[in-house]
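Just below is one structure, and these are the notes that go with it.
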Amino acid sequence: MRVALLGAGRIAEVHARGIRSAGAELAGVYDLRREAAEAAAGRFGGEVYADVEAALVDPRVEAVAIATPTDTHVDYLVRAVAAGKHVFCEKPIDLSVARALECRDRIGDAADRVQIGFNRRFDRTFARLRERLGEGAIGRIENLTIISRDPAPAPISYLASSGGILKDMTIHDFDMARLILGEEPVEVFATGSVLVDPAIGEAGDHDSISVVMRTASGVQCQILNTRRCAFGYDQRIEVFGEKGSLRAENPLVDELRVNLADGTDMRSRLSDFFLDRYIDAFAAQWVSFFANLWAGRPPAVTFRDGLRALELAEAGNRSIAERRVIEVPAH
Amino acid sequence: MRVALLGAGRIAEVHARGIRSAGAELAGVYDLRREAAEAAAGRFGGEVYADVEAALVDPRVEAVAIATPTDTHVDYLVRAVAAGKHVFCEKPIDLSVARALECRDRIGDAADRVQIGFNRRFDRTFARLRERLGEGAIGRIENLTIISRDPAPAPISYLASSGGILKDMTIHDFDMARLILGEEPVEVFATGSVLVDPAIGEAGDHDSISVVMRTASGVQCQILNTRRCAFGYDQRIEVFGEKGSLRAENPLVDELRVNLADGTDMRSRLSDFFLDRYIDAFAAQWVSFFANLWAGRPPAVTFRDGLRALELAEAGNRSIAERRVIEVPAH
Amino acid sequence: MRVALLGAGRIAEVHARGIRSAGAELAGVYDLRREAAEAAAGRFGGEVYADVEAALVDPRVEAVAIATPTDTHVDYLVRAVAAGKHVFCEKPIDLSVARALECRDRIGDAADRVQIGFNRRFDRTFARLRERLGEGAIGRIENLTIISRDPAPAPISYLASSGGILKDMTIHDFDMARLILGEEPVEVFATGSVLVDPAIGEAGDHDSISVVMRTASGVQCQILNTRRCAFGYDQRIEVFGEKGSLRAENPLVDELRVNLADGTDMRSRLSDFFLDRYIDAFAAQWVSFFANLWAGRPPAVTFRDGLRALELAEAGNRSIAERRVIEVPAH
Amino acid sequence: MRVALLGAGRIAEVHARGIRSAGAELAGVYDLRREAAEAAAGRFGGEVYADVEAALVDPRVEAVAIATPTDTHVDYLVRAVAAGKHVFCEKPIDLSVARALECRDRIGDAADRVQIGFNRRFDRTFARLRERLGEGAIGRIENLTIISRDPAPAPISYLASSGGILKDMTIHDFDMARLILGEEPVEVFATGSVLVDPAIGEAGDHDSISVVMRTASGVQCQILNTRRCAFGYDQRIEVFGEKGSLRAENPLVDELRVNLADGTDMRSRLSDFFLDRYIDAFAAQWVSFFANLWAGRPPAVTFRDGLRALELAEAGNRSIAERRVIEVPAH
């Protein structure tokens, strides 16, 4: 199995490792900055493509991994699908629901050959949580709380083109919420504040977010996001059901426990970088990608998943603006 | 120090114990059901009052504890204040903000002699959390989450006259939110579902609640309530600030840790009764009551606190009905 | 039920509270220092006895609590038994096995009316651990580890007359070991070091102890003691069995959990005073004392228990001296 | 850097992975069972050596990894050193101290080019514990407790030739004890029981071990071993010092926390296989091996370390037989 990698930045490198550790090979790498593509090909193998077309016409290539800037996703995705390739596309599909819908219309049924890069679905603890849910451990879900906090805000220059916190950061949580709830949220309420950095507010964005969603059956879901967390990368999920609760807690970097003269009982610290936290999940999503591809099954995270998360994010933005519940009919 | 106890039900008995363990005495007990008053006086000392008036004219009585049904609170409170007594009044003041405001107007400055029974303020862990906040451990607060779940719903007959979940149950959390935030919430959003028992919905109430509040400075606060929790009395608070977080976790009934053949690492269980959970807090509020009284200081929980929690609850009810943010100006 | 209290020091006061909270009354108090007895009687009720005899001839007295210095225990115990009283005697019975055996011979069957003050048996978590053991949760016991560390050494003056660390401190652990093992240790190995304070070594004692015991069936038990623990009063028990393990962990003073900028996940601190740690156990042993007395059952902690713990301590001292296993036949 | 791998069994395969993930290559593999060597070479690269000599004369080989049965270690080690290679040798060096001493005499100063496979030294949490010790976090060490329990006993056929539990299993703990104490244990006491399987006793071995050691300065160390642990692979270290304690707790397989109707607060389960538990440590020891080799430093675990652990194990066996403390002078 050979994969063409579009993009050679940090996240593309993570995918290169994931592709190889899943037992596949890189056919080649394309990046607008040729020297970045050369460096990546040097480290992970494969040739250097002069342009995207070169990757798409390479007959050895069975799958294309899109890890370029968000505004190129739809174009490359449509072309890769047209070239008959299987596609892995980093989240988000696009910053605009309208454009994502248009993309869906253009690729039609081939949407079933597209996996969106919601890596968190593949986290060991989140996966185990879902397994226990599926076994009925806590019965029917009544409430879901997702806490997701970054250690520190990205540079303002990045944030300014990120589409806003809901599409850039909360989108992962919208996806996890849908996955865990097993039912579409149909109402969204959101509120945002600027508490971390006034520059974020000046750029028209928020850095601290609360979301409340409801499904048709009345199950409620909270999402809490902040762009800064002093103690590391805080990523927790708590599902409350009629028979109990399941909580995914933060992994700590080791199992050391310390008691000193002030008497406090200290555990170790959280990881403070998303790649440390989710490195296994990034790898596992490629194992899943290939396993489903080989078995002729649709991917574990579909184009529709990517689209729906985007719709919820857009509804959240409207809710912040209008200070009321926004309905997001399931479709 | 002698206290007249109005009411002889379960919560009145808790106050009788609290009063005595704080070193004061019961002057007497009144209850509509005379035999209940006799039983209480038999156990905790003091005479049996034929009616409320008898308690209020008893010259030995310095303070009056009101633990009768909610719809009598305002009447007894006004009369006790008029009789020159210090007053402890169970929460809520009343089910109606209008009546509570009217009460405030009638008692005037004497509101400073009235303590409202928000016992949770006196919980050891919550108190320690506030102490650490006050020391600046986590800097400025950015987010507050309060989870408060009852083990099982009260009988429908009780719930029907409770004023609804926001005034009956969430009111404690509104109070804790105000206390911890150190700033008035000025916007309330709430949503409610019926997930536990359809009879609760038929009675016009909800059993599962999400609240999002904001202060003027943009600090956000979530409250999650449910009327049923399979694993016990779930009462947690998490404060997230610029420099870290403070979490009040559930106490467990003992410190046993068990590992069995399935390998799971089990701690002990939660308490499943609010009196087990908060029994020390119920006692501590009386220690505080007498300490402030003797020192000539206003009580730790004021009439205004009781009123403000009620206003937030009423705003929450409006928000559920109108599906939008309700403003609750600080005053 | 009325109890005569011999002794009016700190531990006697704890017993006075325990007796009263168990629903019994103090008939009177004796102490060599009359003013101490007067103070205690003033606080907890009862008369002041001029001497021990006065307490023993008081016809209202049904039980005698001995909380005087260790070297008086045997004398008072023999006399109280002879006067037909039920007896509670603080640990240890005596510092000499020979004297304790002589005491046993003198009181004969009345040993069944004597409870020894091994309060830890009544600790909530230890009791729950034994309950789970009794239910067969971990099957047959294979190993028991007891860690018991004091926050700080008592004054040298006290230690010098304490009988040595094994009889003064480890004796509690010898008792807990016997209780939990459900089988007599028949071999003792011990080793001691002076690591905390050279003055302890100069007084002929050790401050750091390791004990290994074995029962006839080969079950092993470790006891670790130190006279100083920087982080508080460290009292843990771990039982390992064929089907799992049970651990009694240290209670913390509250349930606050803190994450700060270094990322560490901190729980609260241990209590640092044995009375804080075991105050409920001290009370519970009196509830047990009266319950068994009223039911005509022998006490939960017998004279034989006190004697056997002393024998193990003495064997431990021989083992330290002879650097080998000492046999302690069950009898 | 090229390594010749002697042995192609399970542990040899682990080393093959470690060697490659550390960036080195396999030059070839030797195993008595040629088809095993072929399979390993097929998977990890390199040629198949017809015999050990072929590996030792291969000029490309800079280091030799010995992962053959214990009774071949000394022979191969001496020959590999004579051939000028750097050597990694699985633990134990040999089952006999006498033979290990003889080996040392034969290799002389080249012992500095030999690393012994005490993989646990490289465990993330144990390494962090030592780092904190080195920083003085808990001051001077006063006590060390090592608990090490296997999920289930190896087959009797294996155990019969293992050299006994002290040389086969405890030897890791003797090594960790020396490493952490930073001072040689000079006295050993051990006791053993047969509690898991009578067949182990019939083979002349024990399955449950307690060890107490002391250093010259009086620091005490306990080691607890059992061949069976119902709840998984239980590997803990607790260091108690004058200023606090450091504990390496068991890692759990994920961070899920579950509360169900019985109220218990459950964490996830322990790993139940030593390769799952220590896989990162197995890899890290190879990173260390190459780093020291390239820097011209002696290895992190020396021949002397392997020898000393063996001496402690042999002293433990004598202590079990003679039921007394055995002195093991540092040299």
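All chains are identified by letter, namely A, B, C and D, in their written order; residue positions are counted from 1 within each chain.
Keep in mind that, in the parts below, a residue touches a chain if its C-beta (ideal position, glycine included) is under 8 Å from a C-beta of that chain, and two chains touch if they have at least 3 such contacts.
This is a predicted model, so every value here is computed, not measured.
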- prompt: Just how many steps, at minimum, does a route from chain B to chain C need if it may pass only between touching chains?
  reply: 1
Query: Based on the averaged CA atom positions, which chain is farthest from chain B?
result: D
Task: Can you check how far apart chain C and chain D are, centre to centre, with Cα atoms defining each centre and the answer in Å?
output: 41
Field: Interchain centroid distance [CA atoms averaged], chain A/chain C, Å
entry: 58
Field: Interface hub residues of chain C, defined as touching at least two other chains
entry: 138, 230-231, 234, 243-245, 250, 258-261, 268
- line: Residue positions on chain B within touch of chain A in the complex are 138, 140, 142-143, 145, 149, 187, 189, 191, 193-196, 208, 210, 212, 214, 218-220, 222, 224, 226, 228-231, 234, 240-245, 323-325
Message: Taking the touch rule as given, give the residues of chain C at its contact with chain B in the complex, in rising order.
response: 124-125, 128-129, 132, 137-138, 243-251, 253-261, 268
Query: Can you name the residues of chain B that touch chain D in the complex?
result: 230-232, 234, 250, 252, 258-270, 272
